[in-house]
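One chain, chain A, appears in both complexes that follow, with chain B as partner in the first and chain C in the second.
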Partner chain A sequence: MADKPTFREEIAGVLHASTGNPLDVCMQCGTCSATCPVASGGFMDNSPRRIIAMINAGLKERVLKSNTYWYCASCYHCTVRCPRGIDIAELMYGLKRYTVWHAKTQEGMIGPVFSETFVKMIVRTGRSYEPVLATSYLFTLGVPEMIQEAQTATSLMLKGRLPLLPARIKRLDNFKKVLKRIIPLGDPDE
Partner chain B sequence: MKKYAYFPGCSLEKMAQSYHHSSIETMRKLDVELEELEDWNCCGATAYFHVDELLAYTLCARNLAQAEKQKLDVVAPCSGCYKNMFSTRAHLQHEPALADHINYALEADNLKFTGSSAVRHLIEVFVQDIGLDAVKAKVTQPLKGLRVAPYYGCQILRPRKADEDVEQAHYFEDLMAAIGATPVDFELKLRCCGGALIITNRKAALSLVRNLLDNAAKVGSQVIATACPLCQVNLECYQKLVNQEFGTNFNMPVLYFTQLIGLAFGLPPKQLGIGTELVSAESVVCLARSKPS
Partner chain C sequence: MSNRIGVYVCHCGTNIASMVDCKAVAEYAATLPGVALSRDYKYMCSDPGQTLIQQDIKEHKLDRIIVSACSPLLHEHTFRNATRQGGINEFFFQMVNIREHDAWVHTDRAKATEKAKDLIRAAVHRVPFHKPLEKKTVPIKPDVLIVGGGIAGIHAALTLANAGKKVYLVERDATIGGHMAKFDKTFPTLDCAACILTPKMSTVKTHPNITMWTYSDVTKVEGFVGNYKVTVRRNPRYIIEELCVGCSECVEACVFKEPKFPDEFNLGLGKRKPVFLPFPQATPLVAVIDPETCIQLKTGKCKKTCVEACGDRKAIDFSQKAEEKEIEVGTIILSTGFKIFDAKRIPYYGYGTYSNVFTALDIERLVNASGPTGGELVLRNGQKPKSVAIVHCVGSRDENTNKYCSRVCCMYSLKLAHLVKERTGAEVYNFYIDMRTPGKGFEEFYSKVSGEGVHMIRGKVADVFLENPADKSGRMIVQAEDTLLNIMRKVPVDMVVLGVGLEAQADANDVRRQFNISCSTEGWFLERHPKLAPVNTFTDGIFLAGCCQGPKDIPDTVAQAGAAAAEALALIDAGSVELEPNTAFVVEQECSGCKTCIPMCPYTAISRNEDKKIAVINEALCKGCGTCVAACPSGAIKQNLFEDDEIFEEINGVLAHV
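Then we have the complex of A and B:
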């Protein structure tokens, strides 16, 4: 029986589909961290450069506790600037998936709940509908933020920019059959 | 007459309907027909790729296969939809075994992906497929004196598609100049608006939006032009929150580039969805109307 893969190997595994170079070519130059608008704004507890160093050093628990990848906005600026050709934005996606699959997402983080709500919604109807999405984060907000959110929503509603009814695709049955051939989903309506 | 399979994406159905209307109307003026992609589904946004890549590719592949059935290239006005469909097509062409597996799933909807339909962003259709000369030829109300900040955002240019220089893009400026406007030197034009972080990490997103508004205002912009519904919503609908959070006083209209083109083509503002903004674009409309050629 093969040995249990190291954390570093597991992460290399989730990046299998990416066309970027492997993480061990990282030379710790920090171009990604300086480029990242969220990291340079001071919002990430570990910069992308540090996350890569932590993965290479096998610091699994600390990586899984970090907010870095859930605070990545997928702007790909790090990816296009990395002098070593590492697809860093793709790494952030990989780490998100890793934590979702292992059910290791941190408490109070809106990102994973939002993504899962989104995925379930599309499986049911084929299209996005903002009011359903709002349920994934509305109750995590404080009272002042909730009031702000309601005000923004009201202004948009008055301008006719919020949908009243969810959209559905026409060949929804076929659509669900397609998705079931990829992942054995239970019927969400049953 | 040129024809494309038009993929509006979920935002353009309601939140960004002004982008939808102005896209259709300006394209019609240029003799381009946007035939809506039959029974399109959501592109998966960023959320699907957070949870499962294969499912995300499948969603995009269904749309691509549908475009192939209509024998048309597909055009997306939303940068997020564009990036997802473009990357999916490139990836499946690169990995035939994965394409086979996804085609087994698509059989259930009588569809097949081969990669024959190309994926275009709407702004590429204007700049590359139609060309600036043809756009210029339709201008009846040049937007003379209007200082526009051309905001590219992220996913039109990134991730890089070929060997293009993604840091030196200039076509948005050229397009704005073609309709008579003055593109300003908008230093942060390629920086991120925060995207979906406006929901999942609001403080970070508001601070990114503030930086963009600040930079656009400092260089004397009268309007920011966008090519993505998420950028538009973050910059415009959350502008009031930025002002509350940072004690700023921004009052910067944010319009879709198609709305500005429509004004320059002499189309009525209402037909372009102007009037549904939370930050009034009246000043832009007045300026456009006061300068008939």
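Then we have the complex of A and C:
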């Protein structure tokens, strides 16, 4: 039997379908971090460059504890400018999936809760439904912000911009079959 | 006819022996028909190995020799010599490659051994059809053409001319000197570039053995090693070179009172008139008239004050036409140089958009005493910068532009950091990915510049933006991650200097075709061997020098130019060169004169004999590619060493057990 893959190999496996180069070719120039609107704004605890260095060094626990990928705004600036052709935005998605699959998500972070609610909703109905999605992270906000959000939601609803009932797509069964093929999570209904 | 074949199986130390059972292969070969002797030996290329072949030929009356060892590229020559010294024609020898084609690429020893047997069997089938051939010799003409008058071309020209050879130096620009003439100082010694270059330039001008043609292009190259026929077009500069003394009086007298056209030599940072001298030490020191801007040449209606000023010298000739010169040379050195990376290709660095973003070559001109500001390093508004960012790796080490390292940028960026600090006292920030200073005295220079208080920030610049978006000539913010401190840096600066990389010339591919040599994917001319034939090309008699082969600094360029000159000298002094006899030939009775082969030949070696109405192959031009052999509809073209019998028997041999 093959040896248990290292953390670095596991992440490479997560990225296998990405069009970018492997993480090993990173030369630590910091272009990704300096172009990143979130990292250069100081929101990420580790810059994307550091995350790649940590993966290459096998620092699994520190990577999993990091908030970096949950803060990724998916603007793909890093991917476009990376001089070594690494698909860094795809890496961020890969790390999100990895932590969710391995149930390693951090407590008290909006990202994992939000993502999970979103994905479950899509799997169930085929469409996003904002009133449920919003409440999934609404309670992590402070009281004034919550009231403000509620006000916005009310006015949106009055103008007919926010549906009262969740919509469903036609032929949901077919859609679920598709999902079953592409998401290695087993039966979405389970 | 029965042959007496000798087969030798080389172990190549353990290179072959570790994957092929050489002893078993030799024993097998002995059983093949026609094989009189079969041996395995540790190093066939060694002196005893070669002696073995010679002795066996005599003692065992061998008439065909097969050595199965490495690639023919490496030792075919060696074993052919041994065969000849043994007393038989060297083309009775055949080499079998069981190293690169077998031992090195397989992992199963038993199967690799079988493959070695197959390959040797193919050769055993082939060699009886070998014919005795003679190498042809052709004389080498002693004159040399050098294309490109930068420091590489200049150095090669002087070396050859000093050895008494006649040199034609052809340069596209109005002056020789190339990029080096534009530099201010050279790293790491901080020698003044002009002080070390201009004496060589004027020696080129006055050297009796050098014919210098500036403002000229090579338009046609025909022939082969030792016998090239080259056409050079001398473009009209509208000044008679022999009569002009470079006094500049025509420039003073031009109807344009003020210079108003962008000056190419100063990269558009300064202005010139329609008639101008590129720079004070231009060689030849002869004015040029630009037909695009000169009123007389554009409209024919000018007061021609320049002609008046020239007076009795009568050096101005508005009716000058391009002139074609035909020369015959034996060898050619290409030193066509490089172009700098176009920084506009990276829009987020703001070159061409923000007025105070410059390339490193722009800065070379700005700090140069003969430059547009007289050596004052200033912003566009004429003020001295208080802070300057130098960005490394612009257009280098980047999959989006060029993947390779341009090799000189780290050092010239450090040099510019030193010069900027010295001339303006500004704060200088060098943004680098890796500092590459591997030359003699380079690391010491890095250390010296660091000690001068230049800031070194390890991180590639990801963005340059304006502090006030409305003011395109205002201060800029340079953003990078300081990867050592692990923080984001947003450094406000007055001036940004882009350390642009080196690229192959835009027309490198045309030049490559013209001279029939190869290019790498990046456009750099390809050397024959990266280590052991760095200045040779795949075309005999054509050599490379300087940056046309790849980015390099001045010391390396000069060393390479010297090497290219030495290679040319070696050919010239040998007087003649031997050609491989693997050429194609026409069987006259069978040729129908259909001319199919003529346009197919990549070396223009085939012509038609109009009297006999058949194709004729020039053996000296033929490189033995076999295209015509395959193309001939009547099977009238054959190729030495690759005749049908030889090839079909080889195939029969390799497939004999299938």
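One rule holds for everything that comes next: the second predicted complex is superposed on the first by the 172 of 190 C-alpha atoms of A that agree within 3 Å, B and C clash if a C-alpha of one lies under 4 Å from a C-alpha of the other, contacts with A are read in each partner's own complex, and residues count from 1 in each chain.
What we mean here is this: contacts are C-beta pairs under 8 Å (C-beta built on N, C-alpha and C of every residue); 3 or more make two chains touch, one makes a residue touch a chain.
Given the structure is predicted, the values throughout are model-derived calculations rather than measurements.
A.B. asks: Please determine, from the superposition on chain A, whether chain B and chain C clash or fit.
C.D. replies: fit
A.B. asks: One more residue to check, A:Gln28. First (chain B), second (chain C), both or neither?
C.D. replies: Once the two structures are laid over each other on A, A:Gln28 reaches chain C alone.
A.B. asks: First (chain B), second (chain C), both or neither: which does A:Val38 touch?
C.D. replies: first
A.B. asks: Of the partners chain B and chain C, which touch A:Pro163 in the superposed model: first, second, both, neither?
C.D. replies: After superposing on A, A:Pro163 lies in contact with chain B but is clear of chain C.
A.B. asks: Of the two partner chains, chain B (first) and chain C (second), which one does A:Ile122 touch, if any: first, second, both, or neither?
C.D. replies: Touch status of A:Ile122: first partner only.
A.B. asks: What is the contact status of A:Ile182 with respect to chain B (first) and chain C (second): first, second, both, or neither?
C.D. replies: first
A.B. asks: Please compute the chain B to chain A to chain C angle from C-alpha centroids in the superposed arrangement, rounded to the nearest 10 degrees.
C.D. replies: Once the two structures are overlaid, it is 80 degrees.
A.B. asks: Is the number of chain A residues in contact higher for chain B or for chain C?
C.D. replies: Touching more residues of chain A than the other partner does is B.
A.B. asks: Could you tell me how near the closest CA atoms of chain B and chain C get once both structures are overlaid on the shared chain, in Å?
C.D. replies: Least C-alpha distance after superposition: 7 Å.
A.B. asks: Output the chain A positions appearing in both contact lists, the one against chain B and the one against chain C.
C.D. replies: The overlap between the chain B and chain C interfaces on chain A comprises residues 80.
A.B. asks: Can you list the chain B residues touching chain A in their complex?
C.D. replies: By the definition above, chain B touches chain A via 10-11, 13-17, 39-42, 44-55, 58-59, 62, 91, 94-95, 101-102, 104-110, 154-155, 158-160, 166-167, 190-192, 194-197, 199-205, 207-208, 211, 237-238, 240-241, 244, 276-278.
A.B. asks: Chain A touches which residues of chain C in the complex?
C.D. replies: 348, 393, 397-400, 433-434, 458-463, 479-483, 486, 488, 490
A.B. asks: Of all residues in chain A, which touch chain B in the complex?
C.D. replies: By the definition above, chain A touches chain B via 17, 19, 37-38, 41, 43, 70-71, 73-77, 79-80, 87, 89, 93, 96-97, 100, 109-112, 114-116, 118-119, 122, 126-130, 133, 137, 145, 148, 152, 155-156, 159-163, 167, 169-171, 174-175, 177-183.
A.B. asks: What residues on chain A touch chain C, complex-wise?
C.D. replies: 21, 27-35, 39-40, 42, 47, 49-50, 80-85
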